[in-house]
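Order as written gives the chain letters A, B, C and D; numbering starts at 1 within each chain.
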């Protein structure tokens, strides 16, 4: 392969890797948004917690890496359930200003709690994978990167199937599209709230735990993650799962290619510009379907 | 009326707030990031000055008084650093300030130092323009990035056996000043520059930048990063199959970096103002104490802390008073022999005369492979 | 209500007396910073408290004001007296353009777009190095002398002098906002907030009135930013950090949104409180966040007014109410 | 005369929204097997009555009993489980879900094995839904959406069905079809409480009727008598 194409392929691979993570995080955010009508500014903190808890389990408690990942997700979900029960439950009929401020408060709370617990330094989760890179025609990756990509992609598919095919997934979508008629067929909205919140938190935590192997997590990671997830959700259409998946991949690729072929300082601006363009020309987002 | 009562209550409580009384100690203020993006390195600095002040006090302090450190968190954030410095100068009546890690914070704190006429020494902020402002209260006891570049740039092509150099640095004053000042020196040594890339302070994932640098096909990559980013950066460079030598300003010879980066740290060159493997009695004593008390090898931030604290205390001793203005005058006449040799200040209060080092990590130990002296500018 | 002007006069006298009573320059510094925040927060309250739109771009307007003023000083040697109105005007214009795009959206989309805008502005400040010097920031900003007719030129670089400049500006901002919210425009703000469909059916354009609040608010933020830049002497992209908008929101919400005295007091309290809690820097943010969550959920009127109602003895309040 | 079992009864139900009294001392009964109509002008509170029965709104005072047990204040989920289905106003379908998914979720409270058979029965009644079982509900015509809403309500195997304005916005021919459909539901043994602004349709189908005016029941009686009542005729039957 010619050097230009190799480099392009490398950028694309990088983009897919990051894009899968964006998609996974945004799926959870869009779900919480759709079902609960809450723009959850604390969503990125679940990613951060997923990463830190996994780090704690592997590095400090010496747990097996593959056992630690699901356990970390379970622990974050348990926390999410507590938060849902103590805080989010009260936000059901609350005005938007209240819900937003409460989630902003929660994001500050979780970030500083993590700072107190684990300190400010970024941590990578030690993984059992060999660090030697693999080369395919000059395009480099590592077993860890492939693992991350496979797990995030699999979780996206699993999440998608859960939402599309299962009874609970259908009930969530129905609640999202019309809460009242969902209640009228006997769907318990409070439970759907709890499920949606736990599910959204689980996806974000899983992304954090898996990616934490090569992108170090730090307490402040959550902020930028939340912002990126919001960008994806607006691009894809607020509340659209397909939009979150496609939007996440698109953003990952756009950033990788954008950074690859223009000054890297502007990498983060690509998504922001896209949001403003979408808002001007297609305010409902690229995908409407829920 | 309620509002009025509240306002008056606040005003009264402030008026009776205890004002600093005559001091039995000599107070030195420290503004360093203890939270935020570079907190790890900031805390090393803080722990070092604490340890050294204990030593100094055990030997009788200065001017017959004990030295008291008042340490505030600046979080590498200019506004917070300003508030911290204001508090130190105005409330705690410190006679001199050490600090601010990030150059932006130091630039902000400099304005406070000038306003209140209190001397400020930095041992870490290397952005060249800090000393170009002619702020009479500001001193820098560390080589600037251009000075380091001038000292080592010409020898890099030969030392690394490389011709094509790519830059990948933090997008701040430091990284930008590096990309502005190094190329000329490197070119004078026969090298050429093939890529100029930046990353942001919040980035922990550098795949795009690395791929871009790789596309330029360099023989060596010049980096600027502090510990936390340096670890992720060097790992990811190797993970994307880039095997050329790395050479960097920043954390590249510190214990914490070498430990966290593991195999990725092997063969990495550091352009440093201080490295713990320097062979001199004063350094060996320092390293021994550091290892005993803080359980690791001192990093360049610890070295910087050692320098600035001693320079400040030395100046206070020579001034013979705690009057900040006299201390400032004494600082100008500094002629200090420390960890990295002799340090003097030029007319712009920039340190010169000290030795700088090119280190190379081998089996987890940063060996000194080249040294150079900072010339009087 | 006859007592009110008297009370207001007393408050102003008390505020004027602050530098005479408070000799601790560090506290004076905090009073000045509070004053700057009062101006910015009043602007935020117009949009958040009066028209009921949650804008997270406010700190960006503050930072843009600081930058405008700083750039005019550094590049064109404009003093703060010219830089401040220029910053307010320019940022007001930018808010007008931005508002014409984003105020058409409502709800969550609006909130998110405002964050995105703020981040984009931070990237501009960081990456447009030729203009803004990027992360290096712009140092060396100076406080200009003040010329008062009949007295002549006086130096106001001392804190005790600059305090009066900020106090004056804060009082002007307060009176301006007060006039605005008491005018027919202000009543329409509230109508848009309380019942947008009704407002629209009465021919009151929610867009138009949101825009007025948005632009005036942005201009106030910019003016505050300009004062801050010249007072501190240095601007950098950190001014765009999300933490600034959070603290401003805490000031407005906990102070009592939709009133003017509340957020103004909130600005003072929440400038002092974090500094007084310096010792416990991590816990401090945790305490803050908890207060924010609890107050938002359970105390829609903020904490200041209910607190006063609780703390001031009932008979005292009654007596004064009667006297007033 | 009423030897049938009493199925639903509202006694002195009052409901406030803010300070406005939306329902004022409403009392009505529906007996097993009956088709009872509730008619009234736009804004009279008809929909509110149904929403109060199905648990979406909580009455301020008064009692609602279903088969002799009080149900006021219970949540909608519990009420569906008792056997009351509510086919809401404006159909309230889920636009991005398929026809089949609507029917599946209609049976959300059930876990018996007869759901598929019931679905087939709905498809027999509304063959057009079968043709479009994979189609998204948002793409259906108004009449088809109404059929879907009815089908969804029936999937819970209710003993009492509450219909809210099923004829609203439909073409005349569609109104007839829906009318026949509702009569058919009653004929098959379910009890129906029908809210309609189209009073002539409602009174034609119903056994008994109530007239609701600004939150109060003002008139009640057999449907036939209502049709003949000159006041009702003038106010609700267009002359």
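For the reader, a short list of remarks on this structure follows.
The rule is short, and it goes like this: contacts are C-beta pairs under 8 Å (C-beta built on N, C-alpha and C of every residue); 3 or more make two chains touch, one makes a residue touch a chain.
Keep in mind that what you see is a predicted model, and the values were worked out from it rather than measured.
Chain closest to the overall centre, judged by the mean of its C-alpha atoms against the mean of all protein C-alpha atoms: A. Across the two candidate interfaces, A-D and A-B, the one carrying more C-beta contacts is A-B.
With each centre defined as the average position of its C-alpha atoms, the distance from subunit A to subunit D rounds to 42 Å.
For the pair subunit B and subunit D, the distance between C-alpha centroids works out to 76 Å.
A separation of 36 Å divides the Cα centre of subunit A from that of subunit B.
Centroids of subunit A and subunit C (each the mean of its C-alpha atoms) stand 34 Å apart.
Those residues of subunit C in touch with two or more other chains are numbered 126-127, 282.
Shared contact sites, meaning residues of subunit A that touch two or more other chains, fall at 115, 263, 265, 268.
Chain pairs that touch, as defined above: A-B, A-C, A-D, B-C.
For subunit C in complex with subunit B, the touching residues are 3, 7, 10-11, 14-15, 17-18, 21-27, 29, 33, 126-127, 129, 134-137, 139-140, 157, 232-234, 236, 238-239, 241, 261, 265, 268, 272, 275, 278, 281-282, 308, 312, 317, 320, 324. Residues 48, 52, 54, 101-102, 105, 107-109, 111-113, 115-117, 119-120, 123, 126-127, 242, 246, 249, 253, 282-283, 285-286, 288-290, 292-293, 296-297, 300 of subunit C are the ones touching subunit A in the complex.
Subunit B makes touch with subunit A in their complex at residues 35-37, 39-40, 171, 197-200, 202, 204-205, 207-209, 211-212, 214-215, 217, 227-228, 231-232, 235-236, 238-241, 260, 263-264. Interface of subunit D with subunit A (complex): residues 54-56, 75-77, 80-81, 85-86, 88, 92-97, 101, 104-106, 108-109, 136, 149, 152-153, 155-156.
Note for the complex: subunit B touches subunit C at residues 1-8, 10-12, 14-15, 17, 19, 34-35, 72-73, 77-79, 82-83, 86-87, 90-91, 103-104, 107-108, 110-111, 115, 127, 129, 133, 171-173, 176, 200-201.
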